[in-house]
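Labels A, B, C and D are assigned to the chains in the order they are written; within every chain, residues are numbered from 1.
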Amino acid sequence: MAPCEIDTTLVSTLSIPTLGVTMADIRSLEDAVADLVHDGDTVAMEGFTHLIPYAAAHEVIRQGITDLTLVRMTPDVIYDQLIGAGLVRKLVFSWGGNPGVGSLHRFRDAVENGWPRPLELDEHSHAGMANRYVAGASKLPFAVLRGYRGSDIPTRTDTVSTVVCPFTGEELAAVAALNPDVTVIHAQRADRAGNVQMWGLTGVQKEAALAADRVLVTVEEIVEELTPRPGGIVLPTWVIDAVSVVPGGAHPSYATGYSTRDNDFYQAWDPIARDREAFSTWIEDNVRNSEGALTR
Amino acid sequence: MAPCEIDTTLVSTLSIPTLGVTMADIRSLEDAVADLVHDGDTVAMEGFTHLIPYAAAHEVIRQGITDLTLVRMTPDVIYDQLIGAGLVRKLVFSWGGNPGVGSLHRFRDAVENGWPRPLELDEHSHAGMANRYVAGASKLPFAVLRGYRGSDIPTRTDTVSTVVCPFTGEELAAVAALNPDVTVIHAQRADRAGNVQMWGLTGVQKEAALAADRVLVTVEEIVEELTPRPGGIVLPTWVIDAVSVVPGGAHPSYATGYSTRDNDFYQAWDPIARDREAFSTWIEDNVRNSEGALTR
Amino acid sequence: MTATPAGTTETTGTTGTTGFTSDELMEVNAARALADATTCFVGIGLPSTAANLARATVNPGLVLIYESGTIGSKPTRLPLSIGDGELAETADAVVPVPEMFNYWLQGGRIDVGFLGAAQVDRHANINTTVVDRGPDKPEGRLPGAGGAPEIASNCGKVLMVLRHSTRNFVERLDFVTTLGHGGGPGDRKKLGMPGAGPTAVITDLGILRPDPATAELVLTEVHPDVTVERVRAATGWELTVADTVGTTEPPTPQELAALRALKAAGKPAKETR
Amino acid sequence: MTATPAGTTETTGTTGTTGFTSDELMEVNAARALADATTCFVGIGLPSTAANLARATVNPGLVLIYESGTIGSKPTRLPLSIGDGELAETADAVVPVPEMFNYWLQGGRIDVGFLGAAQVDRHANINTTVVDRGPDKPEGRLPGAGGAPEIASNCGKVLMVLRHSTRNFVERLDFVTTLGHGGGPGDRKKLGMPGAGPTAVITDLGILRPDPATAELVLTEVHPDVTVERVRAATGWELTVADTVGTTEPPTPQELAALRALKAAGKPAKETR
């Protein structure tokens, strides 16, 4: 029997498109932010002190992308800047401060006085936030933890509830999944295919990235090969939308192996942020009218 | 005011004992097994092809520790041996076979014919088992997954149920936590303090260890310092009860960096295990009356 | 690289006059089914053979994912188990097993799930748990579910590969381990299963695909030298046959060479060296 | 190593005639409270100072655990944040943040949780969320919960360290971020909290411990040169005082030297070198 045509009607109606898995584009930060971050988006810029994507946030400020819901376990100075710049409608978080220094004054001013605009809060504990990302990455609608017991936190959020264990009858906390529209992270390096490698404190970055619809990664450099590193994790190119090369893009945070934390900047931020005018001038001079903040 | 005595009654009644966290003992496999594994225990010996703790299992057979409930995602030849030796009352698992070769004949004989004793089963999918360990390590009574849909598996186990998401109303599978009495794993190395390091495919070993009341780790060697390794994970000494040095203790499985998988043995096992008498002779010769199986 | 004579391979099945076995026809066509795939969750055995052959032929960029935790494995020989050391050594990333099932599989990151089966029914449901061996005999024990229930539920689509016989292609499963299309169209959606389910079953006789109207497996292609009658006879239910049944292209010399090289390299070290 | 003159340290509080500040008294006593601890989940700020000082003095084997994911950190200087690079570089293990909270903290692996607080009440409940600033003023915003609710719930016991004032030690919390002993004995058990809860609150004036009968914080020790009256005046509720109030041992020269060395090393690089 010679090869002959098959019933193409049947076959083609059955042809299921692939998931649309695509490789990450390596592109300029300006283009990547413009393409991936939109007005009204829910955006997670994660990093536990380490690898905080400052440069990408500054590009968001320069582009004036607004009405954002920002998500992060530990919003610090970068979120203070975005909030003070008037781009943030809502903050989803568990601890907001300038680590080792004190308060986030722009965050407080927004919450307490509505300047430059009111800031809605969705507030959790770290354990709750971490599990919300886990649920998001797992594409589950919620996660379970033994948490929030005796705390008033559930009175101020609609994303904490309870579930009862069907085996033991124990009532446990349920937290709603977090699935940001975009997650932005900074990593040490990527290869030319857009696979990303990071090491050191990697926090909840993997969960935040896998929970998101779109992922933008800034990296210190592109390398020929991602040689395995102790403590290293790799995010394959097909879960990332864009990689932008921004050396020092975590400054004043740091990138293990590339830079150290600029503790002076965190301390210097306190008086800048205390004053609305000083803040606005700083943002104009160092972010809106300059990309210098990236290379400070 | 000179230092004077404090109200010791009050202080002492308030003195809360520490958690009883202790360092791992480095001791002989014989002593460690005798001390940590008891008749009637629920025992997890994990390993996804890699780092399977054969030597420890053989010591269990030599000591005749019986009425065990064995837990493992992928019971293979090591569990075939324990089952055939008549030491196992129940098996909790998701896939039982001789990988790349075929059936586990001792497992089948026990299930199908009750030889040498009936074997009760608690059967899951891999996703369910992995999440049962996660719940166990997290000291939660259950875990949630989108699983078992349309499957008959829940008709044969009482450790799958459902929960309803309090946010979306979606019904999801709930699986009961697994908390073995003892988890036994093999790792590449430990330091003198009993901190354990493993790398390569590390499967669910961390979860299985952290879910258990007691943990026994066999290692290829003791080293002065656990230098960080790509892909390496460290289990600190204070979550481990005993470390035993058993070079080749994973044979015929393998330890990345130390040995390769003895595929011949897995193939040779098939005819041995097919026949009750051949099996019994093999166990007598190679395990009960010899520690040679460790150094084959 | 030249093709090894068919007789020296380890495959079962008869070697046709054309110099390849029916198993090789199955394996080559299974690999071809992955031509457009981006990421593939690979079961051990025949699916692994197919996925590795696809990487060596029609789809060099295919990302292989094994349930042992490896993402982007690039083995040079057929892995003998899902925990083969080379899978980890050549991977882009190795992740813990719970992460693999939760973030990657349930997370909807995998394009194609490739499964084997002990029994399959007309709606591509799968049994790998137990078989009924008759009234006086104990249930026959199979390996169990492994990753299959959630692979079949969560991957974008599912391919299956297994040998064709009335023992495997049954009127009624003795146990539903893994849902394919349930009782017909809409059942997956009703159960909230994200993926499209089985889209092709590749056997040593031909290829079956579900009719979208009924979700019933229909014979759409036979392999060279295989008659529709032979497929009907090897199927435990009244097999529906497409109006026009195609014939698969015979394996190319390149495909055969690649398949045989993979298999030769996959043999235990002592046998090959 | 010799003690740096107290005036050169960064601590606040008055320097007594004995050559140490009230903050140093608090920090040294907080470190001493960790003498028997095995593993400590360390909050940033004063708890981190105490835990690092304990490692340098009374408990060199203390395992420090930070919520950023580090287990067994051995920093040589005071980390400026819970994500300080040295915490990871000197750790026995670095784990993802969700694993830290799920397997290690909720998993019941941590002996002592060491917390700071903005407000504490008589039952050692904690507020770090918002403060009421009066009827015409908006709520004052604090950093929020961080890890505290689950640290306080899941650790074997909890130590607290904060400066003593009526602003901090309040009759009624404006918001309960983190449960200490709730409304009294039994409340923790009723809520299914595994750990024993707060066992001591160390301040710059002395030490308070919950009475087992009432779970109310009782003044059990004052620091040298501190009177009970001064502590009463700095406490926002009618403070119960133990029948016999002890006085803490003054810091030893070794303790002071270690504390000051840690702090000097902890300053930003540009200032110290």
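Methods note: a residue touches a chain if its C-beta (ideal position, glycine included) is under 8 Å from a C-beta of that chain, and two chains touch if they have at least 3 such contacts.
Here the structure is a predicted model, which means the values were calculated and not measured.
Touching chain B and chain C together: A.
Listing every chain that touches chain A and chain C alike gives B. Between B-D and A-D, more C-beta contact pairs are found at A-D.
Rounded to a whole number, the gap between the C-alpha centres of chain A and chain B is 37 angstrom.
Taking the mean of the C-alpha atoms as each chain's centre, chain B and chain D sit 38 Å apart.
With each centre defined as the average position of its C-alpha atoms, the distance from chain C to chain D rounds to 59 Å. One finds 30 Å separating the Cα centroids of chain A and chain D. Within chain A, contacts with two or more other chains are made by residues 134, 138-140, 145-146, 170, 206-207, 231. Counting only residues that touch two or more partner chains, chain C has 102, 106, 194.
Because contacts link the chains in a way that matches no line, ring, star or complete pattern, their graph is best described as other.
Touching chain pairs in this entry, ordered by label, are A-B, A-C, A-D, B-C, B-D. Across the interface of their complex, chain B is touched by residues 36-39, 63, 71-72, 92-93, 102-103, 106-112, 156-157, 194, 196, 199-200, 209-212, 218, 220-222, 224-227, 242-250 of chain D.
Those residues of chain D that touch chain A in the shared complex are 44-45, 67-70, 80-85, 87-89, 94, 96-98, 100-102, 105-106, 125, 129, 138-141, 143-150, 153-154, 175-179, 182, 187-188, 191-194, 268-270. In the complex of the two chains, the chain A residues touching chain C come out as 1-7, 10-11, 13-16, 18-19, 21, 134, 137-140, 195, 206-207, 210, 226, 233-236, 238-239.
Residues 138-146, 159, 161-168, 170, 172, 174, 176, 228-232 of chain B are the ones that touch chain A when the two sit in their complex. Residues of chain A that touch chain D in their complex: 47-50, 73-74, 93-97, 99-100, 103-104, 107-108, 111-113, 123-127, 130-131, 133-134, 145-153, 170, 200-204, 206-207, 231, 254, 256, 260-261, 263-264, 266-267.
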